[in-house]
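Next up, some structures in structure tokens.
First subunit A sits with subunit B, and in the next complex the same chain sits with subunit C.
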Partner chain A sequence: MWGFYIEQLMHSLPFFLKGLWMTIAVSGISLVVGTLLGFLWGIIRSSQNRTLKALVGAWVDIIRGTPFLVQVFIIFFILPEFGIQLEAFPAAVIALTNLAACFICEIVVAGIQAVPWGQREAAISTGLNWYQQLRNVIMPQAMRVILPPLVGQYVLLIKDSSVVSAIGVVDVTRVGWLTVQRVPQGLLVFGLVALLYFIICYPLIQLSNSLEKRMSSGYTRGKV
Partner chain B sequence: MLETFNFRVIFEYLPLFGSCFLATLWLSAAGLVGALVIGTLACSMRIGRHKLIAIVAAAYIESIRSTPLLVQLFFFYFGLPSLGIRLSEAATGILALALNSGAYLAEIIRAGIQSISHGQVEAAVASGLSYIQRMRHIILPQAIGVTLPPMLGQAIVLVKDSALLSLISLPELTRAGQIMTSERFMPAEGFLTSAVFYLLIYYMLKWMTAWSQKRLIYMQA
Partner chain C sequence: MERYSVQRAMIEFKNVHKWFGDLHVLKDINLEVAQAEVMVVCGPSGSGKSTLIRSINRLEPIQKGELVVDAMKVHDPKTNMTKLRAEIGFVFQQFNLYPHMTALQNVTLAPMKVRKIARKEADDMGRYSLEKVGLGDKLHQYPAQLSGGQQQRVAIARGLCMRPKIMLFDEPTSALDPEMINEVLEVMRNLAREGMTMIVVTHEMGFAREVSHRVAFMDFGELTEIAPPGEFFSHPKSERTKLFLSKILTH
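And then the complex of A and B:
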């Protein structure tokens, strides 16, 4: 009996791969744009401008404090009332990009804070301007602290992208949901969906772990 | 849109939001208790001496961490009945939440135990303390201090994750927003009210995290 269902699943495998492609597209675009925005927010949050800092801080807090599903619904259902009619795909990308930016912002802030204050003072007294300080002194050292959790955050965001299936984006989770209506074997169907996510996320988790090991060992060597 | 924002309807739906808020609280609390039990168990299995058990625990932790909660939720929701196991929606939801957060808590607890330097254990052994005394007086007091802030962080994640239970039609906060949307077509009022209630929980837990971190620094000083 299981053989029959597995055969049926094999028939809809192209459908699953299409869904996987959609998952990769949504999370890929959001991660790239979200990383850029997240670094921008993070640098603003570590700057001296009080108003901008407070604004970004409040926004980041609100996004970090509410479920992603609620954010997706708000963007999908409320923006049309402002006259911005969005398809499911752009709505999903906007929601996930925003989420990515807000979580990456915190990682960047922590990384910049980990650079000793003396480094900045030395950079100032060497006569470097703000951009040069950031580009040549602060960020290269901060990246060592930022990189491992950043990759870990990517994994969380790729997994969060499954939530956008709720507004009808046909990603791999949605494909599973549609398939289970025809092939009533939830364990098989969602086992396959889980396997597809596993193939993407597991190597990234390992990468994050090995980065953490490498970066921290480099740090102690520098200190001693 | 804002000129049509209808506070009266929100007040009309406030009892629904109140009961759904309580539902979110108790679903998350039940999930957290389950996660603590599973997490402690999985952690002790993973760092134990028995190889096979350690591999089983590691496989559980890694497979949970590499797949989305929503997929795990659907796996149980659609999968358990095909095995002949019929659970209520609430039980399925709590099971998924507990198994999901349990894997993360196991890693947090493991990091906490491993953060205690080996010299502490050696000193305790040299002082002639028994295993239970070592755990009670040396390891746990330090480990709990270190793990409390990340555990509260995981609690925040769990509360937010509980929003996904609305997708298996459990009446919790996000579901209240969906109900308001389908009955009155007022998504703005509905989901923004849900968001406010979530923020309430978030700020409370965040405040507790900051407090526990302060305690931690105080304890280490």
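And then the complex of A and C:
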């Protein structure tokens, strides 16, 4: 019985790999753009500009305080009411990018705050401008605090990407839904789905752990 | 040692006030520091000494009065502080070295970024500065590998590497173990001999007596007494100064 299902599943394997590729594409684009945006927002939130700070802060709070599924629905189903029509794929990427940026923003803010104020004062005193302070003094130190949770956040975001299957993006989760209608073995089908996510996430979990260890040791061991 | 009186003022406070909220931390400060003068500022903690020297490079902005440093108006918000800060070395109580950089990288960062000096030349200057503070053999050590006294000397070298006109010291030896204080003071003595304009907030009265041209006493945000060290220590005018000196000199 199981052998039969496994064989059937093997026939669907190319389909699963396509789904896996979609998951990687959606998460990959979102994580790269979301990281850039998240650093930008985090730096703005740590700056002196009150208006921008408040704006970014409010946006991050809204996004962190609402379910991702609802955000995806708003972008995909509700924006068209206002004339903004989006395909499932760009809608998914926009939603996940925004989510990533918001969480990463918070991680970056925490990292910047972890750098003692005296470091900034030393940099100011030698005449470095704002950008030079950030680039040469603040961020290299903040990165030690930022990197481990950042990679951990990537794992969460890749898993969150499964939510976009709800608007018809054919990612691994969606492939699971479609396959289970032909191969009525939920455990087997979603076991495979889970395995595929795990294959992507596990190396990242390991990376996060090893970064944590490396970053918590002193500065004498060399560069980040 | 009397040169300062004929030189032009390098730092000039005119009726300077500063508040932290309701707290009046600098009250009508009037002070001139001449080129090549060494001034020591002492006083009880919380009297505003740190705020006084931190206002000179606008780490703390003042709210009233005029503060002119090297002919630049620090009280004027339009003044380009980056340019002025490059001329002022600042040494902190807690060193504030960049922990992710070697000693040499610490001292060469600002020359390369602010003065736009090429790496090779900056490295030469950095090596020279570090040799000057006796750390020519520690160029590639990270701060965490250095003792407190060595770290503070790197911090001084970091200031010197910008070829500054003024060096400010905010309790440079207060965070050091007693046996390391002297190596830092020795570097400062040499600087003073070379004619660096210096303001030093410190409780090291031996240093004040031996090196400074004038000693200022600060209390409750006011500069209550300024005098050459001989006079300051042997004939303090106010009761507060006497009380402070009796506490600090007997221990």
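Note that the second predicted complex is superposed on the first by the 218 of 224 C-alpha atoms of A that agree within 3 Å, B and C clash if a C-alpha of one lies under 4 Å from a C-alpha of the other, contacts with A are read in each partner's own complex, and residues count from 1 in each chain.
Just so we're on the same page, a contact is a pair of C-beta atoms (placed from the backbone, for glycine too) under 8 Å apart; a residue touches a chain by one contact, two chains touch by 3 or more.
Keep in mind the model is a prediction, meaning the values are calculated, not measured.
Participant: Touching A:T51, do we find subunit B (first), subunit C (second), both, or neither?
Facilitator: neither
Participant: A:V137 contacts which: subunit B (first), subunit C (second), both, neither?
Facilitator: second
Participant: Of the two partners subunit B and subunit C, indicate the one touching more residues belonging to subunit A.
Facilitator: B
Participant: Mind working out whether A:F73 is in touch with subunit B, subunit C, both or neither, as first, second, both or neither?
Facilitator: A:F73 sits against subunit B, while subunit C stays out of touch.
Participant: Please work out whether A:Y197 is in contact with subunit B alone, subunit C alone, both, or neither, and reply first, second, both or neither.
Facilitator: After superposition on chain A, A:Y197 lies in contact with subunit B alone.
Participant: Could you say whether A:G118 touches subunit B, subunit C, both of them, or neither, answering first, second, both or neither?
Facilitator: second
Participant: With both complexes superposed on chain A, which partner does A:V163 reach: first (subunit B), second (subunit C), both or neither?
Facilitator: In the superposed model, A:V163 contacts subunit B only, not subunit C.
Participant: Looking at the overlay, what does A:G127 touch: subunit B (first), subunit C (second), both, or neither?
Facilitator: second
Participant: Do subunit B and subunit C touch any of the same residues on subunit A, and if so, which?
Facilitator: On subunit A, no residue contacts both subunit B in one structure and subunit C in the other.
Participant: If you look only at subunit A, which of its residues touch subunit B in the complex?
Facilitator: Its residues touching subunit B are 62, 64-71, 73-74, 77-78, 81-82, 155, 159-163, 165-166, 173, 176-177, 180, 184-187, 189-191, 193-194, 197-198, 201-202, 205.
Participant: Which residues of subunit A touch subunit C once you look at their complex with the stated criterion?
Facilitator: Touching subunit C from subunit A are residues 116, 118-119, 121-122, 124-129, 132, 136-137, 140-141, 218-220, 223-224.
Participant: Considering the complex alone, what residue numbers of subunit C touch subunit A?
Facilitator: Touch residues, subunit C against subunit A: 57, 59, 82-83, 85-86, 88-90, 92, 94, 96-100, 109-110, 113-114, 142-145, 155, 158-159, 162.
Participant: Touching residues of subunit B toward subunit A in the complex: what are they?
Facilitator: That would be residues 1, 4, 62-63, 65-72, 74-75, 77-83, 156, 160-164, 166-167, 174, 177-178, 181, 187-188, 191-192, 194-195, 198-199, 202-203, 206 of subunit B.
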